[in-house]
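In what follows, a single structure is set out as structure tokens and then discussed.
Naming follows writing order (A, B and C), and every chain is counted from residue 1.
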Amino acid sequence: MSIFIQIFLRSLETGSVYALAALGIILVFRTSNITNFSQGALGMFNTFVVVSIFNNFGVPLWVAIIGGLISALLIGMMIDLVIIRHTKKVSPVAKQIITLGLIMILVRLAPIFFGVDPLNLPRLIPEGNLTLVGANISYNGLFNILFGLMVMGGLFYILQYTKVGLAIRTTASNEYTARLMGVPTKTVTLGAWAVGSMLGVISGVMIAPTTTVTLNLMDVVQINAFVAAVLGGFQTFYGPVVGAYIIGVVSNLLLFYVSPVWGGQILYVLILLFLTVRPYGLFGKKVVKKV
Amino acid sequence: MMLENNELLKIEALSIQFGGLKAVDQLSFTIHEKEIFGLIGPNGAGKTTVFNCITQFYKPNHGNIYFRNIKDEVINLVDLKVHQVIRQGVVRTFQNVELIRELSILDNVLIGAHIDYKTGVISQALRLPKAVKEEAIYKAKAEEILKKLGIYERKDMLVFGQPYGILKKVELARTFMSDPKLVILDEPAAGLNDVETLQLAKTIRQIRDDFNCSVLLVEHDMRLVMDVCDTICAINFGKFLAQGTAKDIQKNPLVQEAYLGKEEHDE
Amino acid sequence: MKKIKIAFKPWMGFVLFGIALALIPLLAEYTTFVKSSTIITIGGTVIFAIAALGLNILLGYSGLISLGTAGFMGLAAYLSAYMTVDLGLPFEVSLIVAVLVPTLIGVLVGLISLKIEGMYLAIATLAVSEILRKTFEEFEFITNGFSGKSARFPQLLGFIQLDRASTYYLIVVVLVIAMLLTYNMMNGQVGRAFNAMRGSESAASAMGVYSLKYRLIAFALATILASLAGVMYVHFIRFAYPSTWNLKLSLDFLAMIVIGGLRSIYGTVLGAFIVFAIPDLFLKQIPFFNQLSYVLNGVLIIEVIMFYPSGLINIGFDIKRLWLKLRKGIHDAGK
């Protein structure tokens, strides 16, 4: 039982990482209709920024993280201002290629700026464990879970209960109508890219201490975030987040109880089978075309 | 035998509902061979739903749709899937013209011959003589139809950017590639100007004679319907109102009421 | 007098194109203009063009997206390497098996595609590709895991041992045949059915196009070409790592066909050159910028999408139209 709880807590930690990335993807997707394949690359690049500020300037880690957030904000806004804003006539598939171009740029610039050696990022809370019903979780892990929930809770509050949130939701449901009604859709898209990019670096900083900071830092996160978006459905903001936690929990359970080698593959097969039954994910609905 | 000698399509107690709404309710009518049959009704009367039931885009909840197919067997269309309907000799057009914009007019028409091809992927990929010959036969057939409809000169142009009247004709041409016994036209006059509508009436009669088929048309434009149809069936709220010749329908008080409303009818 | 006129047939174009590609190694041998490392780059590009052609059938013609190309290509590569090296099977046999197995999986994905559409299909195919990639990492028995699997240049009919240059010719021949067959199929009944499926699902089914059948055919064709490319890759590069077959590579294929031009056969090859060969062949030659060559390529890809969203292959028509306009302008001015 305690092992189960242990796994469950760990899963919540990975789940929050996936969830933050998935939320970044869905924010951008719903406001600018772009499947952002560069979400991971953005997170990776800005995590490098955090590490190099931390290593080179001798500042506390949280200061370095704020530096990374600012860099993420600026890069996210720049992407929208320089590129995305000017692609109104471009088809959705071609827009995906733009994010591929962004990956190429970010992945190749990173070694030029930050060198080719893998770097290490310490935990924000270096030590200490909490014991809960026989299960252990580090304070850092607990902090990650709670901080992830806080960030997402805050964003959902803004989405649901504020004027800004209303503007975002209107843009998401119909960009054209939103513009006619005077919603500043351009600013909404700009904000979505900025926030999406910042969510990327948060998930990057959370996952970094468990591994080394390399160009592939976010590969797994990126793909699981996408699968989470499909599992939860692209039509709501909360679907992908729920999907991300499910993936976090189920994959760890499968890896432990079924097979450490095949767990990941089994999870994906299960999700594929689920999609054949519910093609628009947990919370999505089919849009019927009239003839 | 479900169908009499010269009966082609018999709809029997057709019902379909969406949610709680009965879109078509116990509707029955019969179309004869070589007949031009009009289905009319005010907006939202369920005309297009009837179409979609015949062509199996919708599955009716109740009722039968008997049809005398190309092989002269009587079948129930309800038992079929959408893509199988054309093989029986029923083919349709669409209200909002469904053509492939990136293909030429000729290629769009050739899609109508899809089911007639006997050669498979491999013989087509290798351009085996039989595949080349087959393609040539249907190309010639398509060109012939385009000539009849008077748009032959445009055959190699892309569909994209063509005027609406031409698009409607291309859709018509596409339906005739399969040598249908029944052509179903969904609001063919929608979006056409007066001259084009007049021309359309002529075309519909001409195609009935040239291609030896029946035509079922759903239409808003009363002049076209009254002008061209042998028999007209009026429906409202998915229910049968009246059936008869153009004159009968015009005089029918139920139809007048459905179109004009009660008060206006009083004055 | 009777004039003998030879009509220019499309297949002649493909053959000429193949001959031009085949001349490159000769140039490398007899001139200093082309370096011999260029052959590897161009050979790789031609291989990627074969797989991209399959994706163009799927996305361009049939409107079905896939982010699984890399996984299928990798599967074929490993299978062929395993069968020729470990099992000692003839190249031809392993080629057939290495194409058949991924194609069966591809057809299964085609079944899924009946239910799942658009973005959902893209991510579902990505999941399939990820399942394959993880399997490459774990299934060391066949793939040799992270250390990578090596293979040899192909041996044809059991006694014709190819070297790098002749393998390159083989790859070019495969590409030309693939282009030719694709052209034939896409300009006939099957291609029209694909187009109809993409352009209007309702019109397609009303005209009797059985969408299950044609989706399966489309996925089968795309997987066959991806697998062929995988086999050629492993016997030309002679090495395969699990990390090669990732999301980035699948996106590269997508970029090739979008940049070159959807539904354009030559455009696919052009796209492959832009995405894969340009950094190696040209951008690296620019002084001071050689480190940035891939960054520049990313910028180039974004620029092309922004300013030429319909595909670079159309640039010819546009230049011609501009030229006619200009000439007309000059003509009018002359009056």
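Simple rule for what comes next: contacts are C-beta pairs under 8 Å (C-beta built on N, C-alpha and C of every residue); 3 or more make two chains touch, one makes a residue touch a chain.
These numbers were taken from a predicted model, which means no experiment stands behind them.
A.B. asks: Specify the chain most distant from chain B by Cα centroid.
C.D. replies: The most remote chain is A.
A.B. asks: Select the chain whose centre, defined as the mean of its C-alpha atoms, is least distant from the mean of all protein C-alpha atoms.
C.D. replies: Minimum centroid-to-centroid distance belongs to C.
A.B. asks: Once you count every C-beta pair in contact for both, which comes out on top, A-C or B-C?
C.D. replies: When B-C is set beside A-C, the one with more contacts is A-C.
A.B. asks: Roughly how far is chain A from chain B, going centre to centre by Cα mean, in whole Å?
C.D. replies: Computed value for the inter-centroid distance: 50 Å.
A.B. asks: I'd like to verify one number: the distance from the centre of chain A to the centre of chain C, where each centre is the average of its C-alpha atoms, in whole angstrom.
C.D. replies: Taking the mean C-alpha position of each chain, the two centres sit 31 Å apart.
A.B. asks: With centres defined as the mean C-alpha position, give me the chain B-chain C separation in Å.
C.D. replies: That pair's centroid distance is 42 Å.
A.B. asks: For chain C, write out the residues touching at least two other chains, lowest number first.
C.D. replies: Expected reply: 202.
A.B. asks: Which residues of chain B are in contact with two or more other chains?
C.D. replies: Expected reply: 57, 94, 98.
A.B. asks: Do you know which chain A residues sit against two or more other chains?
C.D. replies: Each of 291 in chain A touches at least two other chains.
A.B. asks: Per the contact definition, I'd like the list of chain C residues that touch chain B in the complex.
C.D. replies: Those in contact with chain B are residues 181, 184-185, 188-190, 192-193, 195-196, 198-200, 202-211, 217, 263.
A.B. asks: For a test of understanding, state which residues of chain C touch chain A in their complex under the given definition.
C.D. replies: Contact set of chain C toward chain A: 59, 65, 112, 115-117, 119-120, 122-124, 126-128, 130-131, 134-135, 138, 201-202, 243, 246-248, 251-252, 254-255, 258-259, 291-292, 294-295, 297-302, 305-306, 309.
A.B. asks: How about chain A: which of its residues touch chain C in the complex?
C.D. replies: 29, 35, 37, 83, 86-87, 89-91, 93-98, 100-105, 107-109, 112, 216, 219, 222-223, 226-227, 229-230, 234, 261-262, 264-265, 268-269, 271-272, 275-276, 279-281, 289, 291
A.B. asks: Taking the touch rule as given, give the residues of chain B at its contact with chain C in the complex, in rising order.
C.D. replies: Chain B residues touching chain C: 55, 57, 82-87, 91-92, 94, 98-103, 107, 110-115, 117, 119, 121, 124-127, 131, 135, 174, 178.
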